[in-house]
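In what comes next, subunit A is part of two complexes: it sits with subunit B in the first one and with subunit C in the second one.
== the complex of A and B ==
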């Protein structure tokens, strides 16, 4: 900008400084420090001895690490596709001509702003074996109680159900924004051409909302990879470690068994996996666009 | 005729789907309220009863009297409000710099800051704990709040908004002899109110809902935030579900209030930044 007494360089630095200081202290430095810790046999108070890559090597022979990683991937697979479908369906409903659309939008979105520990306790209660609502209803109609959270076969799906209820509204918001961006003219001309609702849905809405879907997919996979609170509250990782996810193992290794170096190494592996997924997704996204 | 029929079928399908979803989405919340106004002995019943026989507010009284829930709420209020105020103080200037000031290395710096959004918090918990231990702020509310300031989401929202403020306004002020600080304080900040409100609201909600870090950094029950307190309710109150549900409802009051007042901003902010909890 051609202004007298231009101090852009100085001003840019001064305006950036407050954030850069906290960013360095609470993001950049710990990120590097964590990598450093991961090369040590470090307990809670004192750095132990340097073990180079031993923590990483040990990970690959640790069965608990593999099972936690698998449970995390399982959770991603259980939640991601269904959350996208529910979110998209909700968006269709609330952007359509329904007389209920305002109410629906609020009701669908509301759970998302509640904390996951509230959601977790609520759903643990709904799914409680003896007195929970779900089993009461099932028994009322003559069925047998289901061990929602205590049967190893169902536990992860049960946590998934609570998660659908919690975050579908988030995807709805993104999809609604995407649908609203499609120009009215496209719809009008398809109407003139005599296309029905479902034809328009499959031929116009779905193809045009694809960029939003990709964004939702990326955000959802990352969010699901970071799952922790719901599992911690609803099952505590049980039954028999059946729902222990990676974040929980990182937490337990660090703050229950105080193997800080090992925990840090595991966190870096998780970081690497998430980074890899994001890079692949953005690459695919870029290819799509060009 | 055929066409009208198909529109009718479509409407029936869509409305039924909508009503089913509405019921599924409303009912858990309703059930939370119903459980919370029953006697503990009525809650523990094997048969289905959809309406409380002896409605009571006893559980709410009990929650306030015999648990530390008020204390936890207060802790969360302190943490969330200081997080939202400080976030704005550090985010707004740098967002303005990114949007409007030409300084060397700006692009690289911007991407370096945005890259922070890719970092999963789990990577930071061990080193941050060590750091905070050295600072002597383990088990304090300050320690609970500080890591939130490094999250760059707010910068992204504010930068987008500041970019939309016409540069001509600033130039006019410069010609009148104002400097950057003057322009920032008397043009940018007043015009950016809407975006700042969005940032403030989103950072309040996400600070209020934060769980992993408060769980780690605080060990003293009197320093718990509400999310950690509620998570431990089940451990300490076992099967007293009526009490647990009233606690969960009390813990959600601030979000209900925030949502009632700032619904539009919350939704806009999320659509804009795509932050996911």
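== the complex of A and C ==
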């Protein structure tokens, strides 16, 4: 797509050079370097010791690796379907004719622009068992305090709850873009044919936003697999490691225990898991579309 | 003519790149200070909140009283502090002085990133005999000093005087039996919580359990790890007694509720809803600022034998630099000595001073609470000096939390903890 009459590609290369330099320095190089150090025992300060595949071997016998991986999968299962449904419902609301649609779009999206630390700290306070707002309200109405973040049964769901509130707005934006792309004529002709609201919803809107839903699903699964901040701030991985997710273990191994090689090995395993799931999704959903 | 223009454009772009790229680099590098005017000593600290305010006040006072040295601080968020410090140390790019916890310091020292201070201290006639012996010994490695201890922050006992009076508790509990009796009396007669000891992780890990467990081991003359830190040393009678004491207080005597997190414990005591609270000395300031809270402090009671209390220590150390400047090093030493010498200012944050001379100062003796637990410095013990400590500490805290939450069989819990700790040590 060169400028007409300009067959010289050099300026194109030069113009993209500043980006490419930064991209290689901060994306490509760390990626490759991570793979490289996953074959070493390295604590940053001392020279690394080559251990070949030992880090990968150790990882498959590490109980905490498995439990953390399971907690991550649990979080993906807890958050992905509900976040898609909430996002889609919000999108229906903001693309509708209601006079509130403009303001609700802003209200729904607002939490997403806040930082993870703010969200985490806020919800941890709200959910504190003895002095948190939620339990104060519950006690006011005669109920018993709930251990939102300290009961092993609820802790992950509580983190999920904060995540719904925080990130559903992003899915809403994607879905409402998808809904707005549907041609008005389709709706008009269905109206003339006498279709009701739910018929329109299930026969027109949902089938036609499917490509958006697929995109949302893939993005959401990747995002949920990378969960770290909310858990780290709200539960610190507790109670007794019950909500420690894989990214948190990777962080702790690398930056608290300074086992950089082991940490990198775990990160690569997580990378391959996400890659595998994404490839399967593309393959399955792509086939359906063609 | 056209190609000429083209070349000029390329040259212009390259020139811009040449000018801007090094500028990006140098933004991260330190400025080379010229030896005119006062010597600049840069340092990093990890203090935020109440600690941060008192520390900054000390630095301001230092700068006000010194015309030849300027101390410039950069406070790093505690969560990221050691990550940032480690990367800076590996690049020999750390500031002139850094604050390091004693438990972290000895993990760094064998890697040669901190300067041994003995010669420098001798050159500056440092009054080393003024330092309390235990914290000074705790920063030695193979006979050499690698830091100066700024404070000792021990695990101590806080108790609510009003609740004790209402419950008829006259003596400060000394043994485990007395502790439980006092807590039960408070609980039965006032309806408040007997003992606020956090036993679950929420925003903070339940470290208090580990600190109490370690303290109760030492009180029975046993250490958490063996002498050369190569094996766990708590799967024995002493460990069983210590773990039982923790579990029983929750499940047998029920003086602490299950699922109590750090915020719940601290706020419970702060609002006068708990009779006894175990925490580090750093909580003193928070409680002092609470109107209507009538509390007292005491060194950790010798619950299971002789006096011993878990403690941490903030130390000041000098990172090895690419090139060292003797004048700057002397200035750094002067700064470090001044900070320890003015421990009474730091004691406002609750911390125990490390210089004998500070204990005599009017400013220190007139402060409430501090002298009640100041003797902790003499029976405080430090964390084991092994690079594996951070991982052991964190993992054992999870396991103790589990044992207390589930009322786990003590022997089973200890055997599991022992296996885990040994495998962690083997992985370093």
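Basically, the second predicted complex is superposed on the first by the 281 of 290 C-alpha atoms of A that agree within 3 Å, B and C clash if a C-alpha of one lies under 4 Å from a C-alpha of the other, contacts with A are read in each partner's own complex, and residues count from 1 in each chain.
Quick note on the criterion: contacts are C-beta pairs under 8 Å (C-beta built on N, C-alpha and C of every residue); 3 or more make two chains touch, one makes a residue touch a chain.
These numbers were taken from a predicted model, which means no experiment stands behind them.
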Partner with the higher number of touched subunit A residues, subunit C or subunit B: B
First (subunit B), second (subunit C), both or neither touched by A:255: both
Subunit B versus subunit C as contact partner of A:130, first or second or both or neither: both
Subunit B versus subunit C as contact partner of A:46, first or second or both or neither: second
Subunit B versus subunit C as contact partner of A:147, first or second or both or neither: second
Touching partner for A:58 - first (subunit B), second (subunit C), both, neither: second
Partner chain in contact with A:214 - subunit B first, subunit C second, else both or neither: neither
First, second, both or neither for A:182, with subunit B first and subunit C second: neither
Which superposed partner A:195 touches (first subunit B, second subunit C, both, neither): neither
Touched partner set for A:11, first subunit B, second subunit C, both or neither: both
Subunit A residues contacted in one complex by subunit B, in the other by subunit C: 8, 11, 14, 18, 45, 121, 124, 128, 130-131, 233, 255
In the complex, subunit C residues that touch subunit A: 6, 9-10, 13, 17, 82-83, 86-87, 89-90, 108, 111, 113, 200-206, 259-261, 263-264, 267-268, 387-388, 390-391, 394, 398-399, 401-402, 405, 427
Subunit B contact footprint on subunit A (complex, rising order): 1, 3-4, 7-9, 11-16, 18-20, 22-23, 25-27, 29-31, 33-34, 37, 45, 89-90, 92-93, 96, 98, 100, 103-104, 106-118, 120-126, 128, 130-131, 133, 136-137, 139-140, 165, 167, 170, 173-174, 176-177, 196-198, 215, 219-220, 222-223, 225-226, 228-229, 232-233, 246-247, 250-251, 254-255, 260, 263-264, 267-268, 270-271, 274-275, 278
Footprint of subunit C on subunit A - complex, ascending: 8, 10-11, 14, 17-18, 43-46, 58, 121, 124, 128-131, 147, 149-152, 233-241, 252, 255-259, 262
Contacting residues of subunit B [partner subunit A, same complex]: 3, 6-7, 10, 14-15, 17-19, 21-22, 24-26, 28-29, 31-32, 35, 43-48, 89-91, 93-94, 96-97, 101-104, 106, 109, 113, 116, 118-131, 133, 146-147, 149-150, 152, 155, 167, 171, 174-175, 179-180, 184, 205, 208-209, 211-212, 215-216, 226-228, 230-231, 233-234, 239, 241, 244-245, 248, 251-252, 255, 258-259, 263, 266-267, 270-271, 274, 276-277
